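These notes open a run of structures that come right after.
Two complexes come next, and they have one chain in common, subunit A, joined by subunit B in the first and subunit C in the second.
The block that comes next holds the complex of A and B.
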């Protein structure tokens, strides 16, 4: 019985389809992460400005993204925009927009947290050494912030990879959906297939997230 | 501290306002669409436009065997897909499938992102306000499954016995209203309900006939004794509201396909291998859009 369950994975092009699904997952999340990190850094700096106007703006943006479930955001970007303005965005573009908006908000808040965690005496010491504001920022603040940000950014990236499983609801077939399709197509002939397919999907997610963790560890070591 | 709380509340209120604003925005747009075509929503494609583009976009399920699923070679298959292929053939166009989920079917048709939804779409009044339904091509009734050694073939046999139902299903309302003398055993989830039947906690289980028929096949020792009970829910293709040319074309198509018993052939091809002898095609299939 168990043999038959595993054989489902190698029937026809099933395994290839799972890999294609994984590529869709990785592609959407990586594009979003690559866009979110610089935008998030800028947004984080914007949030630390001591200007009431910028504070209100960034607060509204952050709370909006934080309160809204990503699923609702996806529906708004894909269906809502079409209804309201008649723009027909492709599903993948909508997904990248939503995940970038989300990533920017989260990353921004992480950057803000890292920036304000630099103790005041660091600034004072830099000033006492005769550094300009720019020099203080580049040589004192940024290196320390970076180190604090790495683990947080990795968390965000892996979370994003896993959250992309929501995009099935706007019609994108990613790895988890392919898995469900395979299970369902064989539900009458191979009832045990589910275990194997989910096992492989788990492994694929792991393979996608693990290299990122390794990279993070390396970076942390080097910048210690 | 106190000031901090106040600002938090203000931001929360502002965000909620934004949220409801955008959601309400979507809502009003739809109601506008019904009466006034001036709304700038993505317009549907007429039959001529579809023919001209050489491609029709159809939303189907990709993980609901045997209605719409993907086989091991990555091809769409199933009862709905069989019909979709025929539509494309008769229109003389290629077909592009979009994989949909129960939660997003209405949106796909309502925004015109697909030309037709063919995803086991049950006709309800609520949905009919958002999309236009064509004639039905399938119907779902209630089925009752019970163990072979105490098979229930007539509803009278259920009097005073325990019938398992899932909360919120049509079966629950149907038996409460029409057969109050049947004891209902209610469960939250399908898995619990099936386990209760397997354990013998109840004498029979009732839900959609397609569901119990498929279940009985993979569970020897159980048979669907009653396969068509109650009012039929119909299943029909849906198009964007106001797309009258496509709607009429579909209705004509369904009527003319009825003459050649197309949906019976569809049943033989896609559903019979799953349901086997247990089901009578006439209790599921609708020909020519006529539900009796």
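The block that comes next holds the complex of A and C.
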């Protein structure tokens, strides 16, 4: 084929630009995940408090985050907040804030699920052995919730990496956007470039998420 | 049995909402005594045991072990609980720890005893119940009877002065009941102070020094096993014992 689209990938710094785009994606998701995990653990514990006030608050927060499409949240954070308060949040910071809010809600729900799945008699027998509430939590509850949580957390991370492609819409140039730019620039010389570029983008996403999925499977098997 | 009072329950009351479950229980248990608590389902047997080691806070009255009062507000509750071992009906081993770690967790973390010493105790106890080979196994790899024997060992490893058993064989397959009861019988022979809730009447008769019959939140009858089973004083106890016997009703004319 004369215009083999594959060569587009090796022209100039195209491939490097794609990798840089991937790094933007991964960076936003990793920062959000790293913030979401501790916040989500706290939120999950907050949700299990036997107190109607905390129940209502956390329910509203969770439902709000779930009902709103992430895209709307991104627009609110980036355009809305800037307008309303005159703060000039960078696009990437807005993205991190939105994904952290989302991650905290989802992580919190996972933590809540793991916590309430510990049967009551586990607490009873720990306390009957003289353990304090704190010791029960550290030696009995946390290890049992951890093994349920780790695979779920990893799945949440891969979901986040995939969802970050939305940030294009607030002007962040991540991997998908770079791909589109490369395709547009070569539309006339290499009409089949789209296939190749999107193929590589797919591969890059796959390479970012695959090791994480493998890890999840491993842990799941080991801790079944 | 010695004369020292190990456990004293005075005028113990427990309400759940408006439901009075325990309505003034008085009970003195001597060192080395084995008391079996009988009574119909829902009469408060579990609640009594749970109040004794502070898992439930009584609405009124007191429980004392060795003269020290058990109340949840008391900061010493965890210390008192170490004097009282409890084994439950549900197999309640910690699923994420192997047998040895299940047993050593509390002695090491709560009592701060040296791991070496605790493991020696655990070895001796596990050998006694015939489960030393299973020390590296996880609870899910054990049968119900084996799990209950481990749960007993785990409680014993805290060197308790009193042991509470709440229907520990009720969830077991019939062929596994015996192996657990044997362990409890041996423990009684060694002079452990025990309160046992059970529906195994033959076992109760053999193991008990004293039978307590609980109903309507009160102790209705308190007597030696011989007397209780052959000649119960109250009608309620008679009715209760009746539920464990079957009469042949089949006749030949249809």
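Please note the rule applied: the second predicted complex is superposed on the first by the 211 of 224 C-alpha atoms of A that agree within 3 Å, B and C clash if a C-alpha of one lies under 4 Å from a C-alpha of the other, contacts with A are read in each partner's own complex, and residues count from 1 in each chain.
Criterion: a contact is a pair of C-beta atoms (placed from the backbone, for glycine too) under 8 Å apart; a residue touches a chain by one contact, two chains touch by 3 or more.
Not measured: the values here are computed from a predicted model.
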{"item": "Superposition on subunit A - do subunit B and subunit C clash or fit", "value": "fit"}
{"item": "First, second, both or neither for A:50, with subunit B first and subunit C second", "value": "neither"}
{"item": "First (subunit B), second (subunit C), both or neither touched by A:14", "value": "first"}
{"item": "Subunit B versus subunit C as contact partner of A:222, first or second or both or neither", "value": "neither"}
{"item": "Subunit B versus subunit C as contact partner of A:171, first or second or both or neither", "value": "first"}
{"item": "Comparison of subunit B and subunit C by subunit A residues contacted", "value": "B"}
{"item": "Partner chain in contact with A:129 - subunit B first, subunit C second, else both or neither", "value": "second"}
{"item": "After superposition on chain A, the shortest CA separation from subunit B to subunit C (Å)", "value": "21"}
{"item": "Overlapping contact positions on subunit A, where the subunit C interface meets the subunit B interface", "value": "none"}
{"item": "Interfacial residue positions of subunit B with respect to subunit A in the complex", "value": "11-12, 14-16, 18-19, 22, 25-26, 29-30, 40-42, 59, 62-65, 69-74, 77, 98-101, 103-104, 107-108, 110-113, 214, 217-218, 274"}
{"item": "Touch list for subunit A against partner subunit B, complex", "value": "8, 11-14, 17, 59-60, 63-64, 67-68, 75-76, 79-80, 82-86, 88, 168-171, 173, 177, 180-185, 187-188, 191"}
{"item": "Interface residues, subunit A side, partner subunit C - complex", "value": "119, 121-122, 124-132, 135, 139-140, 143-144, 147"}
{"item": "Residues on subunit C engaged by subunit A in the complex (per definition of touch)", "value": "53, 55, 78-79, 81-82, 84-86, 88, 90, 92-96, 105-106, 109-111, 151, 154-155, 158"}
